[in-house]
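Notes for the one structure printed next.
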Amino acid sequence: MRIDKERIQEKNQKDLKPHQEKFDFLSNYLLKDGHDVVEIINKLSKFQVAIPSWALGAGGTRFGRFSFQGEPSTLEQKIDDVGILHALTQTAGAISLHIPWDVPKDYEAIKQLATSHNIVFDAVNSNTFQDQKNAKESYRFGSLSNREKAIREQAVQHNIDVIDIGNKLGSKSLTVWLADGSNFPGQNNFQNALQNTQDSLKDIYRALPEDWKLFIEYKPYEPNFYSTVIQDWGTSFMLANECGDRAYTLVDLGHHLPNTNIEQIVATLMMKGKLGGFHFNDSKYGDDDITVGSIKPYALFLIFNELVYGMNNNPQNPYPAWMIDASHNIKDPLEDLIQSLEAIQESYAKALLIDQDQLRLAQMENDVVRCQEILQNAYRTDVRPLLQEARRKSGGALSPLNTYRSLKVRENLIQARGKNSVASGL
Amino acid sequence: MRIDKERIQEKNQKDLKPHQEKFDFLSNYLLKDGHDVVEIINKLSKFQVAIPSWALGAGGTRFGRFSFQGEPSTLEQKIDDVGILHALTQTAGAISLHIPWDVPKDYEAIKQLATSHNIVFDAVNSNTFQDQKNAKESYRFGSLSNREKAIREQAVQHNIDVIDIGNKLGSKSLTVWLADGSNFPGQNNFQNALQNTQDSLKDIYRALPEDWKLFIEYKPYEPNFYSTVIQDWGTSFMLANECGDRAYTLVDLGHHLPNTNIEQIVATLMMKGKLGGFHFNDSKYGDDDITVGSIKPYALFLIFNELVYGMNNNPQNPYPAWMIDASHNIKDPLEDLIQSLEAIQESYAKALLIDQDQLRLAQMENDVVRCQEILQNAYRTDVRPLLQEARRKSGGALSPLNTYRSLKVRENLIQARGKNSVASGL
Amino acid sequence: MRIDKERIQEKNQKDLKPHQEKFDFLSNYLLKDGHDVVEIINKLSKFQVAIPSWALGAGGTRFGRFSFQGEPSTLEQKIDDVGILHALTQTAGAISLHIPWDVPKDYEAIKQLATSHNIVFDAVNSNTFQDQKNAKESYRFGSLSNREKAIREQAVQHNIDVIDIGNKLGSKSLTVWLADGSNFPGQNNFQNALQNTQDSLKDIYRALPEDWKLFIEYKPYEPNFYSTVIQDWGTSFMLANECGDRAYTLVDLGHHLPNTNIEQIVATLMMKGKLGGFHFNDSKYGDDDITVGSIKPYALFLIFNELVYGMNNNPQNPYPAWMIDASHNIKDPLEDLIQSLEAIQESYAKALLIDQDQLRLAQMENDVVRCQEILQNAYRTDVRPLLQEARRKSGGALSPLNTYRSLKVRENLIQARGKNSVASGL
Amino acid sequence: MRIDKERIQEKNQKDLKPHQEKFDFLSNYLLKDGHDVVEIINKLSKFQVAIPSWALGAGGTRFGRFSFQGEPSTLEQKIDDVGILHALTQTAGAISLHIPWDVPKDYEAIKQLATSHNIVFDAVNSNTFQDQKNAKESYRFGSLSNREKAIREQAVQHNIDVIDIGNKLGSKSLTVWLADGSNFPGQNNFQNALQNTQDSLKDIYRALPEDWKLFIEYKPYEPNFYSTVIQDWGTSFMLANECGDRAYTLVDLGHHLPNTNIEQIVATLMMKGKLGGFHFNDSKYGDDDITVGSIKPYALFLIFNELVYGMNNNPQNPYPAWMIDASHNIKDPLEDLIQSLEAIQESYAKALLIDQDQLRLAQMENDVVRCQEILQNAYRTDVRPLLQEARRKSGGALSPLNTYRSLKVRENLIQARGKNSVASGL
């Protein structure tokens, strides 16, 4: 299934007038305050977020999994789903594959399909947290960190295979996330596990094409765990340094202990040129993987403040890979992703409205009250007209969610795919 | 010192035109969406938050205390400071006294002074967490919960004295906050401490005038503590039920363990008719007592959603007593309070914009995506024009902070009071 | 499969002499310190913990489930497994069933089987967090709290059915644990959800036989959640009070926010006569459901201190129902349960060694140092000889784990049941 | 005041016989299990922990400070107090000074006094979290991280002065702990603050004598804070690497977010040769600075497991500097320190009892159950006879706390120093 640009334009019609009014009114005041609205719209348009293939179906819980009707069950259908998202939002111009869930059969056909949707292949993700059918070795007691060489080698080889697959599709980076760790004190020798992980990552790094990057994810815990091998940004940063220049830390919003100051981690990594990728989601209690911006939108804004600062001031840091890493248990996954994309763009737009010069000045003067005012002034601005304008100019929907519903996308998908289709993977 | 209404109007002049434009533009769209803007403005105007006398000076830390120049050193000066806040914001029409820091000498004069500022006396606060000079007994090992009867009696009597003082000023409620607890396992017998606390609170309750309310605050911990006697809302609720109909739980935003869902606590208490008071502040890590809305404004909005719902649907719950309970270490306390008041009004205004009928409908249909949209639609609205209009109509400043600065209030206070004045209390 | 008492005695033989030496040496010193060792051994022997049927197989994770070979696949086999545990440890004399996973076909045969193992049927557990095949209504959006009457009625009826089943087996209590809640702000109306939960619980309570108790469990969150309907002990306590005298709160160790002082909750509930049941497990980060005592054994000891105090001083509180609620992903479930039972007995024994009279005295004198010494003196004692003696006297194994291994229990189970048996349920 | 060795021996007399019995009984079994008891006793005797000068008086809270009678008010008296601790425990053979609270007047006299107590001077601590009288610049907005060069230079110079003072006393390391950070989002530019901190630390490092080490402490938050400049071990590790080979991370137990796996941090740092120092204390909620081992003794044991492993297997890591960093609000500080020293020695002794060979073997076999058994077997052993024996052989007290009390040390100190002496510093 594919959404016609014309259908979107049709649906936009009735909202065009109020949009124009709101946009003009807002632009006018922003211009007076010295903002370059054209440039902001431009930046919003260019900001593209990868959709992971696994986010297009319903997520699992330990009690079971309610599948959502019309889920994509093939890689082609997943690309189609991202195509729908991108047509509507114009900000989902990339897909992030998960191997072995998404191994293409016909690479050329897959690439053409993606191109037809205007979608590129972002970072590829390996999977050594589940045993694959017919796999010789089990990851029950770890993969890259495992005590046994044969198991580590299998896990390293899998990552190299993933690179090969990604390479054929045009990906330029590999994301490694490990569920390695221990469930009980004493189970693991921390130093050996870390050394093994470091050695395995170096092996993978050596297989990396020259124009590729390696992203090393961290996470403090999984349910039932006592420790994880890469528990925090410090460990990931250390490992990335050991690997080499093209190895980077990847920050996932949900992978932090309670109360962590994530924006400061982002700032530190960008200053050191080591922020490679960023996974968006939100959470109330732990790694809840719920819709971006649904719980702590101000924290997201503060993070974007650092990201914008880093992109402007840290040439030593590459342009980060953006991805949504969420799980959908009770929402239509595509609707959830539309909401996430909106929240990301909103935070980015607000961060772009921060008067950086004034902020530096207030900071120099230790005028803490004014520092806060400057941030809040940007945050309190209703930036939705800017987002709509950016989408409108790119041919997207003024209101992606409403258009999605009024075009009856889910109903069409169900009709085409059936009620019991199941996304491969989790 | 006192701010002339005329001076405020003068300062408003230059911002009046843009304000009117923004307000008209916003109102127009809100009206189209079915909102009663007049009613919203009306509600905002009526919403008054008490300023605690101790928030007008700099707070202490365990390393020391940087006092802020021009601090109020008498009760009269504290009332003047609240008068300044109220003149500017029109939302600080009450002061909350702390005894023994604020014992009036001449009650009539104090009442007249407050009246002249249009300020009433809100809940009075007792202090049994510090030993007073010449006190017979020490609270080192607890006050209302103490093992020794004589100490409990002294603490109960102090509360009764506080009621008497409040009564003479027109207060109608007593807030009890305890630093009672233990620093080490085994130090306290939990059951005895709780029983003593319950008995002491009942003694205080018996002394309460018929038209008074008793507010019981809870808090999970203090630095260096292992336990507190009233650690959570459940304990406070239980104690309030034991005392009687006019005893209530008081919620302080900062007094919760990491990740607590505070809005649900608010909803539960209002449903049971037991939310008596609410203390505003914000925090990143613990009970940080920093400016309201400076860290988690969306959580504050969700709380206001419950408060608005409760005020509309829970006749069994009294109108809660609102107070800011913050501490100022590096900001001018009055500027900090202006920022806090703005954040409170902002959250309240946004909560008033939630389309409750649509929300109930979406909830009935289990349309989780739309539920979120409805909340976010309200939250994303820039409500500052509504706040400004509410202030303007009441004679306040369009921009309280700018006016405060341009009127050089702090400079005037320093001139009048000196650089080394110190607020009594902490 | 069944373990012969004689086989256990045989295995005990070689350890008897050192055991006797250690026990005599310890007893001697304990007697000098005024302890009644016979009484302690007696209490340890009487302390029986229920094993939940679902803990006998491997637990699930969101990524999959590694089943453990030789898992019990029928209710009969589950009872046999508990029989093995009880034969070895003499402290697992009860099983807690989960309906619909454990519906007996032949009640008499099941009862006889349990009796033959010396096992009784403890609290029965209902399940409204999963949809059952052929169920008319889905719990996707809640069960007892659901907006729709038909769904609530189905859930209430299920609980009544569970009571009936339990009644036929000799159970005397029903445990209700809900996964009801919401994943996003706005999804639920907190007050309605709580009111529905309360009404549903009352309906269940009305169906309770006169000699039964209702246990209401609480939990702050599940992965992916934003709120749960019964988030804390305060809510459970409130609901229990609304239901009536035979409704109680059930405390599960893992169901708390970070840093919660659980021992104080236990003390409060016992003082109010409302601690009905207790679920043992341990955790590092959240509700990890790992082996009891494997992470925070001192916290468990402090909790047992309160439990012992309450059992001695709170006639208003019934004798609590004890159960292990753990999940096993990488350990043999029976070995894990043996470790859990050992940790529970150890904590209980140490709590029995606390010199309560001296503790009260030190507390009265505010001698905080001595209070701590008294607790630590008990905790630092190596009580393993006491546990061994209690088991020996009851015919159990001196070292249950070693005996389990040397009797090759798992190997026998695999031979009897096969490698691919799967415990029904999760 | 000074405790005679003879007095201690006298007091030991009555406990000698039971001690010998218990020690013999335990040794006997340990020897059978293959432990080298003589070597363990030897290691315990050699393990010396520095006492910080500020822990000898009562700590402050934000509400006030209850001073303890007989507090040391001069450096000489502080050294005397450590002398008392060391005489009793034989494990407090070092003092850690805090400048400017402890600037000696007569260096030779001070050194002689310390030598007479058998005490050496451990790491010296600088203080840039408080403004000193007559200081030119204020640290209100930071010290080493401050935006203003003059302030940074003052802070750097202070650290250099501290090194000079320490050098004259025989110290070999400097500990830098910063309260630098921000109270509100936007107040600080994270990158600038980090860069300034790094540059300042390098300046200090350059002034370090060749045989000195620099310890960089980290801490996630202070009350009222939104961020700290060195928030975690990763930041400290990065800064230490930037400084050079003799710069190290210092771990303080209380300086971590909820649920942090500290033992893994210790293992990582030792593997990388960067664990320079360790501060002992304990906490229930945050940085509570309460008695070591009073809340989470098992976590302390797991940390010691890593420390012992690292000391045996990581020649790349220097021998760490040990210090107690606690605060005493309601206990006699000396009694509290005696309890802390006991808890440290206990954890160390238990860690020494872990059968490392068996543990490696069980780990290699993925026998998770046995791994846990091996740790718990060591932990459950009552090691107090080992501690007593180590002290006895060194001339210390079998029971330091009882001896302290029976010698009426505090009473003597009060008589000598008066009731109102106040420890300089906090």
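Lettered A, B, C and D in written order, each chain numbered from 1.
To be clear about the criterion, a residue touches a chain if its C-beta (ideal position, glycine included) is under 8 Å from a C-beta of that chain, and two chains touch if they have at least 3 such contacts.
All values derive from a computational prediction rather than experimental measurement.
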item: Type of subunit A:subunit B copy interface by residue overlap (half), same or different; value: same
item: Pair sharing more residue contacts (C-beta pairs) when A-D is set against B-D; value: A-D
item: Averaged-CA centre spacing for the pair subunit D and subunit B, given as whole angstrom; value: 41
item: Centre-to-centre distance between subunit D and subunit A (centres being mean Cα positions), rounded to whole Å; value: 43
item: Junction residues of subunit C, two or more chains touched; value: 140-141, 183-185, 187, 220-221, 226-227, 258-259, 261, 284-285, 291, 294-295, 330-331, 366, 368, 372
item: Residue ranges of subunit C touching subunit B (in the complex, touch as defined); value: 140-141, 147, 183-191, 194-195, 220-221, 226-227, 231-235, 237-238, 257-261, 263-264, 267-268, 270-272, 302, 305-306, 309-310, 313-314, 359-360, 362-364, 366, 368, 371-372, 374-375
item: Touching residues (chain side subunit C, partner subunit A) in the complex; value: 59-64, 66, 129-131, 140-141, 179, 183-185, 187, 220-227, 258, 284-291, 294-295, 327, 329-331, 426
item: Residue ranges of subunit A touching subunit B (in the complex, touch as defined); value: 18, 22, 25, 29, 258-259, 261, 284-285, 291, 293-299, 330-332, 335-336, 339, 346, 366, 368-369, 372-373, 376, 379-382, 384, 401
